[in-house]
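Below, subunit A partners subunit B and then partners subunit C, in two separate complexes.
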Partner chain A sequence: MNWQIVRALIAKDFKLYFRNRFFAFITVLALVAYIVIYFVMPQTVDETLEMAVYAPVLPPILEQAGSQGLELVLMESEEQLKEAVVGGEYLAGVVVPPDFMDKLMSGDKGQLDVYFGTDTPEELQDSITVLLEEMAYLQTGQMLSVRVSPEVLGRDMVGIQIPMRDRLLPMLAVIILMMEMLGLASLISSEVVGRTVQALLITPMTIRGLFAAKLIMGTSLAFIQVLLFMAVTGGLNQQPLIIIVALLLGAIMVTGIGFLVASGSKEMTTVMAWGFPALIVLSVPAFGVLAPGTVSDWVRAVPSYYLVDAVYQAANFNAGWSDIWDNLLILLSFDIVFVWLGITVLGRKLR
Partner chain B sequence: MSVRRVAILLGKDFKYGSKGFIFIMAIVAPILISLVLNLVFGTFFSQTAKLGINDQGNSRLVDLVSASDSVQTRTYASADDLRKAVEVGAVDMGVSLPDNFDEDALSGNSIVLPAYVWGESLAKNRGILLASINSAVRQLAGQEVPVQIETTTLGDAQSVPWSDRLLPFVLLYAVTIGGTMVPASLIVDEKQKRTLTALAITPTTLGDILAAKGLMGVILALVMSIVILLMNQAFGVQTGLLMIVLGLGAVLAALFGLVLGALVKDINTLFATIKGIGILLYAPVFVYMFPQIPQWIGNIFPTYYIIQPVVEISQRGGTWSDIVFEVSILAGLIVLMLVVVAFSTRRLKQQEV
Partner chain C sequence: MAGDAIIAQNLIYSYGQLLAVDDISFKVAEGEILGFLGPNGAGKSTTVKMLTGQLQPKGGQATLLGIDVARNPEKVQGNIGVCFELPNLYEQMSAEENLNLFARLFGIRPFDADALLKRVGLGGREHDRVEGYSKGMKQRLMVARALVNRPSILFLDEPTEGLDPTSSETIRNIILQERERGATVFLTTHDMMEADKLSDRVAFVDNGKIVVLDTPHNLKQQYGKRALRVEVARPDGGLDNREVILDKPETAGDVQGLFSKERVITVHSEEASLEDIFIEITGRGLVG
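Our next item is the complex of A and B:
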């Protein structure tokens, strides 16, 4: 294999790739769009229900509201409370009348006036009502004979919850990698249809050299972009080396898939027709991270699961080599399979 | 016009046209846009607290908790299934109710109810779930609520969440790209490849060809509208009426696509035309996005009559009497557009044959 020729081919491929306006435009636009989407999304998680309270005499139970997932902010007047709720500062406001405690103690029903903003979802309105009722029961000393004894499964993330945008990172990384797969497949298929590849093979360029060039070009194009995306969004702040290795393995895998897509395509539209279903399937594991519990165990059969899981665990839970070496090993196995399959199938088409 | 020939042409368009970029975009783009908007403004990934229950007896507690709006309840056949569901985050909390739970709770015996809590569950969800379980147990035990809670909603009662405001945009996008762009691009493609002229010397009439392309647009627009409404949980209860209205909207969009396809020469001109008139197509959605804009402005634009009945039924629980005016105008626009299609077909025939 002549590395000088391989290098020249890589340089030519980069030029050709960016000459295709559609893919060049999509590449830059998508990268910027993904970064914008990431930064537009909230960077914190609302763990508690924030409520305004006006209570001339504060019932003692309200001081323990934090344990119920409520965060109460005291207001100086009912008017101030209403303004804060209308202004959207709080989901709800509770007005506790001065005689509330006296009524409860005397066995009469107390009254609470609860104000909701128009944007407060109905299920939250119901939740707040249930929480207030439960606190009233406790205030009157009506204990239950049934006691719920909770056991936390997995790491307890209270106070250190992962924002949705950080859950989104692995999905965006997979999409960026797959978009590059589409670009590479389009480039190869146009060369096959234009018979420039066949022309190349009657020069000193060997078929091994050709695939080496395409593999390096495809992998680096995908890898550089996804790395840039992760760096800008802060995805490399924890365990950068593990994430870089995982992304590199992911880039090699999509390049192998790109070879396969190219072998069944004639031009851009057929690349899209084959590539989009592949993109959707490979995105499924990321949905499991975004909305936990929505995908079942079969998701482990999707190769991108091991990339998504490795990136998610390392970036958000600071998982080390000992935690995710198996993911990386499986990903490497998929790399070997896809690259071998891609080269074999596409190689047959070229011969 | 031959129904058999139209069906054959439609089959051919689905077989070969479905590999086209615009066809794929007509399917993928509305779904992606809807997903992104839901991610940002969120209803798809609802954060309502989720409770898993494994009922080993036949406890009434399950019905009592399920009746609450504050909690989403799922039942599991075994304690192992429940534990697994909590581990993967399918539910925030899981409780296993022992046999004779109701009797024990009513008798006042002390019961410890083991519960699994998902580590990533939010503090507020844990609080809501515990309170909801306690509330259901108290109802079971017949305890009287010691407090009267009066609720009032403050502010503009017409306030609409952004996810609802943006739904008309995604819906109109799905209808126009599937109903208008796909048939138009298919006709233009046939013109450019000169297959339209080739077809014209067979027994197939231009009417057959346009009917097939239009039908494809109607089907695509209808299917994508349904998908978008389902994704946004906005299908409403008037399913039959909604389908009729969606169907009429898809027909109008497809007729417009046929006119465009018949009039423009190549794909670049088609894109330029769509870009040029895009603001007219999408203008009504601004009325939904910004309620401060006088609502009558929306009535000026034809696409308003596609989108308004759908919004009325799916988001506001409207019935036939609420949309009869808009649907009448929509039907009128369809008749008008049929006349324009007839003229455009005649012109196309002169050009191609």
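Our next item is the complex of A and C:
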């Protein structure tokens, strides 16, 4: 392969990319926007659960609730409490009748009225109900037949919850990579439609040289941007080498996908038509990090899962090579598949 | 005697069931201009694509400068220049950047883009982006790009179609200069006048076959009417046309009679145009 030709093509592609006002603008704007989004997101996680309470006589056990991670906010009236819950200020509100303690102490069954907001998850409603029942039993001195275990299932995140912005980091990284994929696909399809590729292919340049140039250009463009983003947002503070390798593999993967998108596109509209569904699918694993429990195990079938997971684990949990080598290996496999597939399909179109 | 720059032997190409090029064979000598004429869909572009290594022939062989095109397209492509019918330039780059890019692809350094641009009449506009160029300027830049590597063979596809007379004349002059330099020119065109003016030989292509290949002069001799068309003045001031058929025993007397009895205004030889010949041979015109 003639590397002088490859270098000339790469220089030409970078020049054309940044002379396309739309892509030059989008590239800079998006990078700045993602960095801003990251920094405006909360840096810490509030682990206390706020609950509204209206109680003319506050039971002693509720006074100690604050130390259990449950912060009770006293309301002045039952109406005020209902308004606050309906307005979404609190997940739940508890109305404690004035004779509640007396009834409990005399052995009668006391009654608490609990109000939930419409968007309070069912699991949380059950938890709060159980919590209140437990507190009532404790107040009467009777033990519940429930065994309490100090064992925590999964990673114990108490006190070290991942802030929203750090959860957002892998998703923004994937979006940056995918945006560059759209740019590359647009650049290639404009070469095909403008028939400039025909002019290139009757010079000593080979189709291999052309793909080498596109692969290097596409990967560099995506990789440099995502690296810049990670560096500015502090995403490289832990395990930088692992994250850099993962991002590089991710950039190669989106370049291969860019070849595929370009092969099915004639102009910007069709690039978007093919590119956005791909972008959405590849962003799904990142949503799983953003909101754990919202996606199922099938997400492992999405190639970007291994990029998202590698970046997330390394950046937030200091995961080492031994923890995520399998992710990187699978990502490399996807790189080979997508680049091979992209070159094969697009190569047919170019010839 | 000059050798053959282009040898096409039994070239065949089909798109599915459609046979686009049907067993074409011809040779073009070094320094020769060959006009390749035919209507749309006749197989001209497909032939050019096979000769320039853009398409692999489904049969036969193309040899350029002694190199088998199918086996070594890159080597052939390093020695040819191709000017396409429709502009395919990098419009967001300047003329100079376009030429410099292709010079790098051909491995030519140093390269004087300005001199080449001046030669095609684009001096002073070398730094302007191509998107702001007129059709004629783009076409001249296309020709300049085809000359970047000082090609031994120049393929030109409709190089003057739809251009203003100045741009057309510039391009024609460049073609002749290239021939003077020793380059072989393969000229694909619909323009009979242009082919007639520029070509050493012309090939008529129809339905994927070369139906005739000869010099314009020979074709005109062979297919034209050997006659004189004479305009004579009438007594009332009008004009009459007379035709004198050549190669007859009485021809000399007829000519003498015309000049002695009538007032001869003009005399023209009646030779067929290439278009007339094409129609006579194929039964249809070149356009369409």
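For the reader, a short list of remarks on this structure follows.
Just so we're on the same page, the second predicted complex is superposed on the first by the 254 of 351 C-alpha atoms of A that agree within 3 Å, B and C clash if a C-alpha of one lies under 4 Å from a C-alpha of the other, contacts with A are read in each partner's own complex, and residues count from 1 in each chain.
We adopt the following convention: a contact is a pair of C-beta atoms (placed from the backbone, for glycine too) under 8 Å apart; a residue touches a chain by one contact, two chains touch by 3 or more.
Owing to the predicted nature of the structure, the values given are computational and were not obtained by experimental measurement.
Look at A:201: by the touch rule set out above, it reaches subunit C but stays clear of subunit B.
In the superposed pair of complexes, A:133 makes contact with subunit B only, with no contact to subunit C. With both structures placed on the common chain, the touch criterion links A:8 to subunit C but leaves subunit B unconnected. When the shared chain is aligned, subunit B comes close enough to touch A:86, but subunit C does not.
By the touch criterion defined above, A:348 reaches neither subunit B nor subunit C. In the superposition on chain A, A:16 makes contact with subunit C only, not with subunit B. When the two complexes are overlaid, the chain among subunit B and subunit C that reaches more residues of subunit A is B. Chain contact summary for the complex, subunit B toward subunit A: residues 18-21, 24, 28, 36, 39-40, 44-45, 48-49, 68-71, 83, 85-91, 93, 95, 105, 108-128, 130-135, 137-138, 141, 143, 145-157, 159, 161. Residues of subunit A that touch subunit B in their complex: 37, 40-41, 45-49, 67-70, 82, 85-86, 104, 109-120, 122-127, 129-134, 136-137, 139-140, 142, 144-159, 161-162, 164, 168, 268-270, 272-273, 276, 290-294.
The touching residues of subunit C, when paired with subunit A in their complex, are 52-54, 74-75, 77-78, 80, 82, 84, 86, 88-93, 97, 101-102, 104-107, 145. For subunit A in complex with subunit C, the residues that touch the partner chain are 2, 4-5, 8-9, 12, 15-16, 19-20, 194-196, 198-206.
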